[in-house]
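After this come two complexes, each holding subunit A, first together with subunit B and then together with subunit C.
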Partner chain A sequence: MTNVSKRTFLHGMGLGLGALVLPQRVWSQESPIKVGTSMALSGPLASGGRQSQLALQMWAEDVNARGGLLGRKVEIVAYDDQGSPSQSPGIFSKLVDLDKVDLLIAPYGTVPAAAIMPFAKERRLLMIGHIGYQINSKAKHDMWFNNSPWSDAESWVGGFFRLGKSAGVKKVAFLASDQEFAQNILAGAKSLAKSAGFESVYEQSYPPSTVDFSAMIRAIRAAAPDMVFVGSYPADSTAIIRAVNEIGVGPNVKLFGGAMVGLQYASIMQSLGSQLNGVVNYTTYVPEKTMAFPGIKDFLDRFAKRAPAANVETLGYYVAPFAYASAQILERAVTATKSLKHDVLADYLRKNEISTLVGPIRWGADGEWANPRVVMVQFRDIKDGDLEQFRQEGKQVILEPQQFKTGNLIPFQQARRK
Partner chain B sequence: MKRGTIPFWVFAALLPAAAYGLPILGMNEYYFYISYIVLQYVVLATAWNILGGYAGYVNFGTGAFFGAGAYAALVVMLLFEAPLVVQIAVAALVGALMGLGAGLLTLRLKGIFFSIATIAVAIIIETFVLNWRFVGGATGVQIIRGPVTYGFETHTRMLFFVMSVLAVASLVIARYIETSWLGRGLQALRDAEVAAECSGVPTLRLKLIACAVSGALMAAAGAPLPLYSSFVEPHSVFSLNYSVMALSMAVIGGMARWWGPALGAVLIASSQQFAAFASPEFHLLIVGLLLIFVVIAAPGGLVGVIQWVGNWRVSRKEINRSASVVK
Partner chain C sequence: MFSFELLFEAVVFGLLVGCFYAAISLGLSIAFGLLDVPHIAHAAFLVLAAYMTFLLGSYGLDPLVAAVLIVIPFFFFGVLVYRFYYEAFEKRGADAGVRGIAFFFGIAFLVQVFLSMKFGLDQRTVSAPYIGRSLELGDMRIPWRLIVVLCVAIALTVGLKLYLSKTFQGRAIRAVAQDAWALRIVGANPVLTKQWAFGIATAAAAIGGALLIIVSPVEPSLDRVYIGRTFCVVVLAGLGSMSGTLVAGLILGVIESLVLTMFGASWAPAVAYGLLLLVLAIRPQGLFRQ
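Coming up: the complex of A and B.
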């Protein structure tokens, strides 16, 4: 062992301390890069909003641990829009005009995001969408890039009707909430059913405040369809599944579900338990081997550990990875272009495929995914009250699209008897 | 000329002038955004007070009138591409007609029963809009705004100016009603409707006028909303929050004078805009607690407190003067 003089030791100490302080000093010289957004942190959409907030915070921590973006620290500026379109325009004005954020992610959900599109278009702002449907169809903003794996209604529920056709369906029943998303999806679903040659034997739109679906389920049963398409929101989805469990929808039904929002949330999945068996519904991600995108398992494991402290669900499959992905989209564009100018970043995103936690994304001219990949899953062998079972493969079997398929359709009534 | 008349008209002229001139000073765009909301509540609270404060008929249907105004403006915008001035005029007309309808309710319903009926009116109108596909039904309508008109640089600045004009108009109307035969008649029927009727006060006519004016102002306040928010959907537009806030602002500000609701609106709506970014629900809790406190401790609201302080200072001066005379 060599002798170390007092002078050398002090030099070493100085250099060591300097190295520790150096990253901090670099960040403090330049202001942080602010990423602004709004989400429902209270109100009926708060579950997804809080998941998004945690995922974005995790992204910021990950980026900062890697040395920041363009050598600058990253900071998330997020406000509670309560999921309301009356809040989001004011919040985005504050983010842009007062907080002077550098980059923007659209509000979580369709309705609050739709309200800010004219503002984004007028100001020429790059906007990364976050779980919204056809938000840009009217505004036609050329700097909109959605993080959600769908484009039009066909991309969303096309798989459901393809499954119906292959199962020999002839008669279809429609049940949908009278709200933005459900009505848009219903219009697309009816068009798909028509082109598939299905006969519509029942169609009902119900007010969003409906709590009792027994009369509708009885009417569906009386109409004796082969498949039932449902476009519903979380509270309705739960009530509909419970009503089906109590009353039944008839022996002919081979497919039930389609576009039921809420059946992707851990709390609802846990509460419905075995009543979900046989239901075929859309989702964005399930832990099947065909969806093992690079980095997603690590993210979900870390998310599950931090979720209890943030008071959010521990699964986080439906929303959280996509929130993280929206920030990754910005990160990739900024890193590649070394710019924060919105038109430069938008130009880059138009021309390049971006690798994210939820798979590679390339956008079409409308800012929606060029290759949508909404998956239709069938709930199988679900037991009551066990949340952890949803982490296993085989509980949400992917039936569509083909590149992610992990199983074949079991007719609804048969799957429920198992 | 009555005391305070000149300052009032100077203020009435200065507010829109300032709203027009502020952009020249380079004020941040965001402040126009939130100031619009504050002024919108000035109109709503003042309009609410015309019926609720002067006549004593508590209206929980503010959201219905406001929403009807927004949708009336939307309809003429979609059908005829009507300019904003026409949208506001049509909305005010719709609001006035609805107000007349609500006024006729007062023939049969009084007190809490009238208030419940106004909630029912709000639900009926919201249900009607929910099922009206032309205006987007439950899904709502996204509005792609055209070029900014009237020489303003942005829509927000233009709408802020328009709302300042509406705020001044509502204050002028409220002040006129308060100080004229209308106000005296309304106060008489508020204190004892039967006695007022027996004394020759035309109570039904006065109530109809109050309902129509109040409704027209509330609907006019809703008319610029489609352009302001770029998205109109029934759940947020017909929200009960508008009714609760308008009532709270009038009660906290003070219902006895025309400037009480405006004062309440400025205080509560401003704090709402700043506190909302911390926690909107917490702000609602604070407003609720403040409302309870004011009802118990200061039934006259801030107007009552200010008048009490004024009277106390005058009486102190008189006591001091008497004491010096005695000496």
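Coming up: the complex of A and C.
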């Protein structure tokens, strides 16, 4: 104390106390950067919608902990669109004209997102897609950039038919829900089957209210196909797998699955358990070593801890990382260009590959991934009632595409006997 | 591809699924058929019961045991719901029907919101030794879960029919449906009788809900799928007929299954409403009502 004056000491102490009292981060005087979006927080698609909400919230917290974007705090403005195309256009008008959001992420899911495309195109808005299929095919908006790892039907189920071809399949059966997405995928699948020279021995579209699939599975068994392609929604997927387990699809079937929505969800995987063995189906991410993208494990670990409080599944593989990635796409573009102007950001995204936690993304002219990477996985050695087993490698073995492959196809009936 | 073997299997599976339709419609047959209560929350009650079965199943209870355990709480739940409906709507007279529909729509919505908040939006299923396995009869495989449904549906129908025809309280319930004033003259309270009957209808829905989650996975909004089918079965049967409800369920199940097998699955949902229109046009009192 002898070399320090009383005034200097008090000055230092004041600064120290001030540092304790003041908030840890001092934000710029400018208002926060608002990122607007909508998702189904109620209704049938709410499971994925709520995962998306949590993932975006985690991204905002991460960015703010790093100092924000352009020195400004980031805020998520999200509304419940119930997964309905009648809700999303009004919500996006409000986000743009009343909430004055700076950046936008499209609604979660194909149907509500497609409904906002005319508005986005007319107002020249940069739109980051979030788990949508062929949303920009009609609008042809040049400021659309999808976060989902597919482009057309071939990118989605092409791997399934390549596997069939290499397994020596000759006869194929088709079973698909009578809804837009499944029918689009079915049309693509039939075209791929025709190109591969497969004979179609059974084709059935079923309505969404179907209660029991025993009759259809019996008919498929009677048709004796080598391969069964299914395009279904979550409730149907569960009932179909259960009916297959009870009725059987015949001894010749080498591949079963393809485009079954729901077999990526933790609750369904847990409830079906060993009934999933042998099924080959599309997904977006599985914890195999070839998909260990930078940051994804840390994100999923943190997501698993926060999921129970948000009342969402703890695995979160299918949707949540892509929601986080959609925000990362915006973050990378804003940081690189130091701009919030939509045309500047869109121009940057057109010309650059963006690194995200679901891997590097470069877009084609239509705003879909230039190199789609939907993976076809085969469920193996699944036991009943154990959710944690799905965090292990080797439970969902990647068969396609080649750059992510971790195993070879085991024919369906053989895989079920194991 | 079409064969007599496939046709035979379609009929067998139609009968099994028809039993399921009947089992989930019996409660509505009492509430709407006998009591004239516009109970459009019936399917929501089925889903609620399915979730309660799931909840008890998470403690290791078999779904059928869980069904027995939830019957009494559901009975009292039904009694309370009817009492509220009576005090707020039915007692006030003429426009009770329309307002009652709004009331039960609100109840259905509340049930759905409650289930979404409490259990989340993911599908829920139960496990049991008879789920996911089948009985092999030659080349035909019949899922055990549907055989269980068949047994429960027959037991429930016979039980309710005997109760309504052989017991004093049961006969009073049938009487209140025909002439509440006459019932009052013989010393029985029509309101308490209807309250009791609505409790039984809700208890039957509890068993139907347990069958629902045995047959297929459930989610909070599943009631939309079943509301039309259950009303179709009840109207087809003739309002309030228990054995008629079973037969109507079988008719619906078999026709749906045959249509699905012969003409394609897309036509199957039209069967319920097509049958409903046909019956209303030709025999509005239903197939089995005198």
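Heads up, the rule we're going with is that the second predicted complex is superposed on the first by the 394 of 418 C-alpha atoms of A that agree within 3 Å, B and C clash if a C-alpha of one lies under 4 Å from a C-alpha of the other, contacts with A are read in each partner's own complex, and residues count from 1 in each chain.
The rule is short, and it goes like this: contacts are C-beta pairs under 8 Å (C-beta built on N, C-alpha and C of every residue); 3 or more make two chains touch, one makes a residue touch a chain.
Computed from a prediction, not measured in an experiment: that's the story for all the values here.
Engineer: With the two structures overlaid on subunit A, would subunit B and subunit C clash, or do they fit side by side?
Structural biologist: On the superposed model, which is not a single observed complex, subunit B and subunit C fit side by side.
Engineer: Quick one: is A:P207 in contact with subunit B, with subunit C, with both, or with neither? Answer first, second, both or neither.
Structural biologist: Once the two structures are laid over each other on A, A:P207 reaches both partners.
Engineer: Between subunit B (first) and subunit C (second), which, if any, makes contact with A:V312: first, second, both or neither?
Structural biologist: second
Engineer: Which of the two partners, first being subunit B and second being subunit C, lies in contact with A:S42: first, second, both, or neither?
Structural biologist: Touch partners of A:S42: subunit B and subunit C.
Engineer: Look at A:L387 in the shared chain and tell me whether it touches subunit B only, subunit C only, both, or neither; answer first, second, both or neither.
Structural biologist: Neither: A:L387 stays clear of subunit B and subunit C.
Engineer: Let me test your reading of the model: by the given contact rule, A:N184 touches which partner, first (subunit B), second (subunit C), both or neither?
Structural biologist: first
Engineer: Now for A:A196: first (subunit B), second (subunit C), both, or neither, which partner does it touch?
Structural biologist: Touch partners of A:A196: none, neither subunit B nor subunit C.
Engineer: More subunit A residues touched by subunit B or by subunit C?
Structural biologist: C
Engineer: Quick check on the superposed pair: does A:A139 touch subunit B, subunit C, both, or neither? Answer first, second, both or neither.
Structural biologist: first
Engineer: For the overlaid structures, how many degrees, to the nearest 10, lie between subunit B and subunit C at the C-alpha centre of subunit A?
Structural biologist: Result: 50 degrees, to the nearest ten.
Engineer: What is the contact status of A:A235 with respect to subunit B (first) and subunit C (second): first, second, both, or neither?
Structural biologist: Second partner only, subunit C.
Engineer: State whether A:P85 touches subunit B only (first), subunit C only (second), both chains, or neither.
Structural biologist: In the superposition, A:P85 contacts subunit B only.
Engineer: Give, as a whole number of angstrom, the minimum Cα separation of subunit B and subunit C in the superposed three-chain arrangement.
Structural biologist: Value for subunit B versus subunit C, nearest C-alpha atoms: 5 Å.
Engineer: Once the complexes are superposed, what residues of subunit A are shared between the subunit B interface and the subunit C interface?
Structural biologist: In the superposed arrangement, which is not itself an observed complex, subunit A uses residues 42, 178, 207 for both subunit B and subunit C.
Engineer: Residue numbers of subunit B touching subunit A in their complex, please.
Structural biologist: Listed in rising order, the residues of subunit B that touch subunit A are 28-30, 33-34, 37, 127, 130-131, 137-140, 142-145, 154-156, 228-231, 233, 235-237, 239, 273, 276-277, 279-281.
Engineer: Taking the touch rule as given, give the residues of subunit A at its contact with subunit B in the complex, in rising order.
Structural biologist: Residues in contact with subunit B: 42, 79-80, 82, 84-87, 89-91, 93-94, 96-98, 111, 114-119, 121-122, 138-139, 177-180, 183-184, 207-208.
Engineer: In the complex, go through subunit A and note every residue touching subunit C.
Structural biologist: Residue positions touching the partner: 42-44, 46-47, 50, 178, 201-202, 204-207, 209-212, 214-216, 218-219, 222-223, 234-235, 238-239, 242-243, 245-248, 262, 265-268, 271, 275, 311-313, 384-385.
Engineer: Any idea which subunit C residues touch subunit A in the complex?
Structural biologist: 1, 3, 5-6, 9-10, 13, 17, 20, 116-117, 120-125, 127, 131-134, 141, 143-146, 215-217, 219, 221-222, 225, 257, 260-261, 264-266, 268-269
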